[in-house]
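Scrolling down, you'll hit the structures one after another.
Each of the two complexes below includes chain A, the first together with chain B, the second together with chain C.
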Partner chain A sequence: MISTRVVFALLIINKAGGLIYTRTFAPGLQRLDSNDYLILAGTFHGIHAISRSINPAPPPPSSTTTNNPSSSTNSLPTHTPAPPPPAPSSTAGNPTRKRPHTTGIESLESSHFRLTCFQSPTGVKFLLFTSPEQPNTDVVVRRCYEMYGDYVMKNPFYSLEMPVRVEKFERAVGGYLVRP
Partner chain B sequence: MSVYSFYIFDRHTECIYSKRFTQQPSPPRTTNPAASTLPNGGTTVPASLRQANKDSDDAKLVFGTVFSLRRMCRQLGGVDDQFLSYRTAEYKLHYLETPTQLRLVLLTSPQVGNMRTVLHQIWATLFVEYVVKSPLAPTEHQGGRGVGNELFEEGLERFMQQQQQQQ
Partner chain C sequence: MPGMAKPAPPTLDHPLTDPVPITPPKPFQSRLRHPSSRKTIYDRNLSRTQTTATSLPAFAYLFHALITHHHSQSGSVSDIETRLNRAGYPLGIKLLDLLLYRQQTANPQRPATRPTRILDLLQFIHTTLWRALWNRTADALEQSTTKKNEYMIVDNEPVVNTYISIPREMSQLNCAAFVAGIMEGLCDAAGFAMEGVTAHWASAQGEARVEGKEEEMWPGKTIFLLRFSEAAVGREEAIKAGGG
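Moving on, here comes the complex of A and B:
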């Protein structure tokens, strides 16, 4: 019996929008050449940024945001040092308040596949292409992030922002995502 | 669920209808005094005009996003693949393209499910009935002419209220 739950591909985009890793695990997506993948990564990087700026949701009421930090500091009186708390509260109370930080595209659905995007705090994006039926894609993509941390970032011979050519990472990702 | 905004784009990529269902915060009022004290004051743009500019810019950005994502989906999934929706932590964008290349875009809160049927209903029961069949509406809606008529506006308003109550 053929399962319909498949991971098609994994792409890693560095913080400048360059493609540093691509690997296909199962057929199902169209075959693209490496140049097309590079263009795709750059395009997605741009759209991700735009999707943050077109956020139509009204910001949460400012009164609650100004109250929250004070209540949280009250609950942890000994832990927070004195100087930092005034700074965030003053920016929150500022009339020209900034919009809260938005995440950008987290998941995209089309009729043939689903794309789950995970952005690390340092701006590296993990794009996981799966079939629409695949559950728990956010867990899978986080696991890939952990592997990247373990095998790529801890590799002393890896230079930052460069294409990932790490054999251990290849093996780990393959063992995790390729179906037997 | 809450609906944030709704856009219709025609086949010439022009935004022929847009509607916002939420009030945007009005920082211009608070920043205006500060802006007038700046050396480049004097050329202050009225808040209403700035809002209109921002709305049209937003519509262009929405179209650009949708257009690129649709192209990306076609490239990866094959020619018959359709872009359906994307989700961020703050909102979700739903997309429907009709055979006449009319594009309907709906932005809602992120928790809602598939809104494709809803968009299709808007197109079939509101757009076709009140705009396409209207004898006063031109075939090409340049600059949104003939789209924002009373019946369509009213129908859309009622339809959205129904949706928000249902969910």
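Moving on, here comes the complex of A and C:
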């Protein structure tokens, strides 16, 4: 029996919306050619930016004490039969602030895959395609961010915003996500 | 006031009409920045080693800056390696004194002596230097089978290369040349004239890695090649012949 918990692919999008890294770890997704990946990255970048700005209006100042983190969730279910994604683990909204900090799309779910997006403070986005049954995708994607910080950003031969061709990053991500 | 002006010295055809005033020298100000505790690195006890370990990311950041600088200044792989080697050289000279001093203070009964034989020196590098720098010993110490003035120290995973991936077009480059420079400085300070210390990859990077399981396990395995000069080898043989 094939395990239903699968990490399909990892994409990294730089802050300008360009695709800088893509790698498939398990078969299952429809094969896209490299041009489609670039379009996907650019499109997602745009949608993500819009999703950050269509944040619901902040509650009136009298009710700031109500602890309601759901005002900052932007998870958009794409298919109607799909169950709504679970509430995001991070309560990103600080109720005392005037304009709450918004994360944009954090996850996007369909009947056969879930896309988890993590945006670093510098605007680099990590997109993780998993099966919907895969647990702890936010932990997995953060670990990928850590590896990116270690092996890509600390590598003196990597130039910023350029495609990631870093041997140790490949090895680390492969060791973490490829199932033997 | 031309009437009061003294005649100009005859050496200048076109006297400077508007001389630039010479700025007075600025009073000396130390650029050394002090932490809030007013304790600088110079106030530290030289023998205290346990609490003075540097964090690896902090080192990686500085090493990153060093490599980026030399990479932008030089063109070829060997040029970068030479520059990294030169950057490490002064450290090695100082480290010899420092490590001997620490040995002496750690064990006052037994006087620490500068290594005078090649094997002692290699053991000193393999064990003492490696332990002081990376908190472990090197992984192997070998003598070349073909040339008697060449020795090899092997490190399976050099700490300096932890976060460094070499791009394909310069796959020969090994940034552990910095460590090779430290070793060269130490050997020179100990009185062993060196032809050079260089760092090499054990396996050809980017090439087809087929059979070698050890290379697969340690992809960053690095061999430091120490080439002693004729004078150093000749002295060693003279001591040996004298029964020393």
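The working rule: the second predicted complex is superposed on the first by the 138 of 180 C-alpha atoms of A that agree within 3 Å, B and C clash if a C-alpha of one lies under 4 Å from a C-alpha of the other, contacts with A are read in each partner's own complex, and residues count from 1 in each chain.
In this text, a contact is a pair of C-beta atoms (placed from the backbone, for glycine too) under 8 Å apart; a residue touches a chain by one contact, two chains touch by 3 or more.
Nothing here was measured: the structure is a model prediction, and the numbers come from that model.
J.: Applying the document's definition of touch, where does A:Pro135 land relative to chain B and chain C: first, second, both, or neither?
T.: It touches nothing on chain B or chain C.
J.: Looking only at contacts as defined up top, I'd like to know whether chain B or chain C touches more of chain A.
T.: In the superposed model, B touches more residues of chain A.
J.: Which of the two partners, first being chain B and second being chain C, lies in contact with A:Asn155: first, second, both, or neither?
T.: Second partner only.
J.: After lining up the shared chain so the two structures overlap, which partner does A:Pro121 touch, if you call chain B first and chain C second: first, second, both or neither?
T.: The answer is neither, since A:Pro121 touches no partner chain.
J.: After the superposition on A, what does A:Leu108 contact: first (chain B), second (chain C), both or neither?
T.: first
J.: Show which residues of chain B lie in contact with chain A when the two form their complex.
T.: That would be residues 4-5, 20, 22-25, 27, 30-31, 34, 58, 61-62, 64-65, 68-69, 72-73, 75-78, 80-91, 93, 107, 109 of chain B.
J.: Given the complex with chain B, which residues does chain A contribute to the contact?
T.: 29-30, 32, 36, 40, 43-44, 46-47, 50-59, 95-97, 102-113, 129
J.: Show which residues of chain A lie in contact with chain C when the two form their complex.
T.: Residues of chain A touching chain C: 150-151, 154-158, 165-169, 171.
J.: Which part of chain C faces chain A closely enough to touch in the complex?
T.: Touching chain A from chain C are residues 57, 60-61, 63-64, 67-68, 71, 163-168, 170, 175, 219.
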